[in-house]
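Same chain, two partners: chain A is paired with chain B first, then with chain C.
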Partner chain A sequence: MSDIGRTLATIVGENYVSDKKEEAYFYARDPGLMPDHKPDYVVLPKTTGEIQKIVKLANKEKIPIVPMGAGLALTGLVIPLKGGIVIDMKRMNKIVEVNERARYAIVEGGTSQGFLKAYLEKNYPRLRHSLPDAPPAATIAANVMIHGQGRLAQQYGFNSDMVSGLEVVLPSGEICHIGSSSMSSDWFSKGAPLPDLSGLFLGWFGATGIITKLALRLYPKKKMRDVDIFITDNENLVPDMIFEITHTEMAEDVLIFTQPLPMMFKDNHHVSYYITGDTDEEIEFKRKMLWKALERFIKSKDGGFMSVPPLMKPTLLEMPQRSASRLADVKKGGGFEYSGPIIMVEKYPECSRKLVELSGKYDLAYSGMVRIIGRGHCMMFGFAFTFNRADSDMMDRTRKALKEISNYVLKIGGVYWKPTVDEQHLAIERMDPNTRNLMKMIKDNLDPNRIMNPGNWEVN
Partner chain B sequence: MYKLQFDTNLCKNCPTVDCLVKCQYIDLDKDKAKEEILKISEGKDSFVLHDCVTCYGCEEYCKRGNHPFYLITERRQEKGMLTAPRAITKQWINIGEPRGKFKVGDIKKKILSFGFMPEFLQLVQGRLFDDVMPSYVFGQEFFCNVVYIHFANTLIIKGRLPKVLDNFRKLDVEEVVCMHDECYGAFASLAPAYGMEVPFKPIHYFEYLYNRLKELSNEIRPLNIKVAYQRPCSSRLSSDKHHFVADIMQLIGAELVDRKYQNENALCCGDMFGMLSGYDLRHDVQTRNIDDMVDNGAEYCFFNCPACQNTLSEKVAKRGIKPAHIIDLCRMAIGEKPEVEV
Partner chain C sequence: MKYEEIVHRCFRCGYCKFTSDYADFNCPSYRKFSFETYSPGGRMWLIRAWLNGEIKNSEHLQEILFSCATCANCVEHCVFTFSDDLVNIFIAAKEEMVNKGIIPPPVRDYLKNINISGNPYKEPAEERGKWADGTAIQIYDGQDYLFYIGCVGSYDERAKKISRAVGNMLVKAGLSIGILGNREICDGNEVRSLGEMGLFQYLSEQNTALFKELSIKKIITLDPHAFNAFKKDYPGLDGEIEIYHYTQILAPLIQSKKIPLKEYKAVVTYHDPCYLGRHNGEYEAPRTILESIPGIELIEMDQNRENAFCCGGGGGNFFTDILGGGEDSPNRIRVRQALDTGAQIIAVACPQCAKMLDDAVKIEELDDKLEVLDVAEIVTRALA
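And now, the complex of A and B:
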């Protein structure tokens, strides 16, 4: 092992650093379609202090570092494009504190979604967090870093909106607290009433610092949960339906899916919304309000509630849902990737038509998966394709379809979510020059040596 | 041969006009009822064509051999009237499309037909069926398609049913025990009425159950429970078999509670109403129906149609009534413990 390797071993311990080929192989790629690139070292620190030392070493030696959660973004955000050190955060998985009355949890930067969910279910059954439909190993910090969305997105926005404090190791190696925790032991706010500095880190994919702790808002967990599915064959009406549903303020999560298979889903758009309550009466009241809100579409025969058999409900109510993983194997090769731009709900009709057009053009199996964010403020429209990893032609066609979507999204006013490096370049090009300059100033000041996840959000 | 006849003269002379007067979902006196049914028979528009909720009840109410529900269905189809939202109709048509995923057991001369209701794969267990099973068919290829009368679409039935009959023909079976009323109705009456030859003898599964219970009568231990029956819409298509419900309950020692919404006056489960018209009708019908079960002391609500069971199981259970399929009750009576929790 090199000097750098030996130094890293003194920081994290010999068992938690590697420059071996087999580890490098895995850390060189993610489950998506991006080309691989090997790191020089992989380290698994246990403490913020160890991360500080690693960052200081990297700064001194000008070695790139890539902080990594579970590596599940699919868009190559933790592929070490310029080699260097991948900092795998999974050993930093402690739940530091749960404040039940103020409804927040402080967790370490490698804590997984599944761990927090299980911990709350066991110890705080009246609290929940906005669980994304990612595998349970996905980390909370990485999810807010990419502005993920979860089961409470319709009610409370992006998961990053639910952050109420950060502890960050800056590229210089200093530890910085963001929000109320910068001057109090209480982590109730990431900004207000102070200047909100969380934006210096959230959405930057680790290019401005490493989140070592964060506070996440928790929300009431009701005893019961149910789901209804309203379907229409007219995509043009979906935005109106979403407007009516969100107006009631009765729904928890609101999703839309459209896909040609199985046959029961063919030809239609499915708006599924969830209802929660502590009593049957509460559930029934909410259901009534929601059904009434959509009644005009039933009367005009433009939409209706499909029968959801008990056999289907466990799948729909499961958190996180495994249906995406099932979709990934439709072509029997475990390949799945989607482009999920954040876009206005009124763009649903054209997005769904584009999805069908591209699946035909490139002969790909598809699914449109939408999550409403806020009260119809915007949505994540997932253009999802499944492919066989053993079929290079199919993978190439998927890449082409996704590239077309990248261009299309900008044309219709969308913004990339967890963009690939190529999409980041497109976004930066399109950005207001003053905004671009501001980003550059931030990056220049925070990371002058360009060691933090280089290749990502680079403004030159 | 059975005919889906409709003789206007029979209606003109009808002293009761029960077809519409007895309708649970449209309020009509005799004079208005006669006016509307005659309008329908003459091909004119009627509010009944718009308001009919497709409970199939009028098929049973008419004792004069006319077929008012099939007439309403044909008229709606002729006029292009949608009974349900387009998306719901499309979904149901897509669901019934054969896709080569059928299951065929060890076929003998006598088979059970599950249509494409997967619930029967679980329900059909134990000694009640051991003289037939595993001789069964399941899947869209053996689906009667009669459900599309809910959607005023007999063209689908007429188009698909001959292929379904061909699939049965290839099996060279002599008797088919139909596990659903629509299936029985299709093969016992609808297909012949459409001029299609049915290459086997259809048997209603109530009749099969009754006969099997008689064979196993020494093993029956009376259940001594009070039960309410959730009669499905489709049983109106084979109302001559409805008596088996009481017969079977008597055999297994279950007391059918005397309630308002039973026999001819039975209320639908409401699932289709939700799809067709929204919240109010579904909620009202389900509430009245379950209240009636509770008020009359039912301990169990038993089902014939798995779709009704899917719709009402949780709701009756929350009111303290145990949901069960009739097959499960019969199995309990011969000392078996159904795998489906009841």
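And now, the complex of A and C:
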């Protein structure tokens, strides 16, 4: 092992640093379609102090560092594009505090979504967090770092909107607290009424600092939860339906899925909304309000409620939905990738048509997965394709389809979510020059040596 | 390699590492080493890379593959349709390494010892039945049941006590049992899990031939590993011969009070052995026995039944110790989980688990708080 490797071993312990080919192979790639780049080292720190030392070493030696959660973004965001040190955060997985009355949890930077879910279910059954449908290994810090969305997105927005405090190791190695935690022991706000500095880190993919601790808002967990599915074969009406549903303020989560199989799903758009309540009466009241809101579509014969088969319901109510991961094996090939731009709900019809068009053009199995964010303020439209990892031609076709989507998204006014490096370049080119310049100023000041996840959000 | 057509299908989503409620990582080698490469998904991707020639066989790759405890937590929690084959895929990869002769030295030594001595301890066959000296247990001679012990119960000092406890209990219950003594040979469960399929085939043929020669109709095994091998991996044996783990025989006898018990007050937590639980679905028989003992309070660990955390002894690690050492070794994690329940006794139903957890209790310096006892040893304390 080199001098750098030995120094890393003195920081994290020799069992928690590797420069071996096997770790280099695995950490060089994610489950998506991006090209691989090998790290020089993989380290597994246990404390913020260890991360500080690693960052200081990297700064001194000008070695790239890439913080990593579970590596499930699929768009290559933790692939070490310029080598260096991958910091696998998952040994930092403690739930530090839950404040029941103020409804927030403070967790370490490698804590998984699954851990927090299970911990709350066991210890605070009246609280929940906005769980994404990513696998439970996805970490909370990485998810807010990419502006992920979860089961409460329609009510409360992006998961990053639910952050109420950060502890960050800056590229200089200093620890910085963001929000109320910068001047109080209480982590109830990430900004207001102070200047909101969380934007210096959220959405930057680790290019400006490493989140070592964060507070996340929790929300009331109702005793009951159910799901209804409203179907239409007219995609043009979906935005109206979403407008009506969100107007009621009765739904928890609102999703839309469209897929060609099984046959009864083909050409249909399934608007599924979730209802929660503490009593049967509450559930029924909400259900009635929602039915009423959609009544006109039934009368005009443009839609109707699907009777959800008993076997399907547990799948729909499951959190996270394991069926989302199963999509990867539709072609018996372990591959699944999607482009999920954040876009206006009114763009749903053209996005769904584009998805079907590209699926035909490139002969790919598709699924459209949409999550409404806010009260119809925007949506994540997931153009998802499943591919066979052993079929290089199918992988190429998937890449081409996703590339077309990248160009298409900009054309119709969308903004990339967790963009690939190529999409980041397109976004930066497209951006208001003054915005671009502001990003550059931030990066120049925070990370002058360009050691933090280099290649990502680089404004030249 | 067998299953080669499947390895590319892993999405490395990580469900396989968890318990079903996602409260903890439950893959013993991932818990011990913490690198993704030691998780089931890591192994799948590395096996594919190895088969494709993107990485070479190395000591490190061997450690990654042979540290798999074959506990089947991944089989239980993987979301894909090929989940049932996960452990078989890892065994197939080990088989490839064994066939090429490039394996970790402790694995090589284990296999060599079985091949030469018929057991991993390099002990003579004549010593195999010595554990029964001084008991009423007889050599098999047409009794109703063969009581099959296995290598660990025959030679390991701690495990021999368990063999005696179980054997005596079966005799006390009036069962007609006999042992093979020095004619017993290794069941080969670990030989198979380490990928030495030739040796496993030899052992299974030898054992099957012996069972036939002696016209054995029913077998009670001490060790869940032998139970698993006989039931699932000996071609055609299950069906021709009735195969039981001893807890499956004891449970109805105790429930029907054929073995009278007095009160024995203790707070007990039960550790599910992987080869009895996840591999063969037997979760209730040991619990039924414990719950039938007056005075026993049975408290479950958070990770129990399908979610039980492995002691780290499976997949030959009991002998090779690739998962041993350090506070994150699975057996030490497991005894800390047991301690959290407030129990005084960790009940086990496997001699390998007993030894693994016994060692961990000592290393964790919990001797004054926790005792590791086989279910039969607890019953012995409660005998009227």
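Just so it is clear, the second predicted complex is superposed on the first by the 460 of 460 C-alpha atoms of A that agree within 3 Å, B and C clash if a C-alpha of one lies under 4 Å from a C-alpha of the other, contacts with A are read in each partner's own complex, and residues count from 1 in each chain.
Methods note: a residue touches a chain if its C-beta (ideal position, glycine included) is under 8 Å from a C-beta of that chain, and two chains touch if they have at least 3 such contacts.
Note that the coordinates shown come from a computational prediction; the quantities given were computed from them, not determined experimentally.
Look at chain A after the overlay: chain B and chain C fit there side by side. When chain B and chain C are set side by side, the one touching more residues of chain A is C. In the superposed pair of complexes, A:Asn268 makes contact with chain B only, with no contact to chain C. In the superposed model, A:Asp233 lies in contact with chain B only, and not with chain C.
Of the two partner chains placed around the shared chain by superposition, neither chain B nor chain C is touched by A:Asp363.
Contacts of A:Phe336 after superposition: chain C is touched, whereas chain B is not reached. Legend: residue contacts after superposition of the two complexes on their common chain; A:Glu100 is shown touching neither chain B nor chain C. After overlaying the two complexes on the shared chain, residue contacts for A:Glu174 are found with neither chain B nor chain C. Once the two complexes are overlaid on the shared chain, A:Ala328 sits against chain C while remaining clear of chain B. Once both structures are fitted on chain A, no C-alpha atom of chain B lies closer than 18 Å to one of chain C. On the chain A side of its complex with chain B, the touching residues are 231-234, 263-269, 280, 287-288, 291-292, 294-295, 297-299, 301-307, 309-311. The part of chain A that touches chain C in the complex is made up of residues 15-16, 18, 20-23, 25-27, 31, 42, 44, 70-72, 88, 90-91, 112-115, 117-119, 121-122, 135-137, 322, 325-326, 328-329, 332-336, 388-390. For chain B in complex with chain A, the touching residues are 82, 84-88, 90-91, 94-95, 97, 99, 118, 271, 274-279, 283, 307, 310-311, 313-314, 318. On the side of chain C, the complex with chain A involves touching residues 8-15, 17-19, 21-24, 33-37, 42, 45-46, 49, 54-56, 58, 60-61, 64, 79-82, 326.
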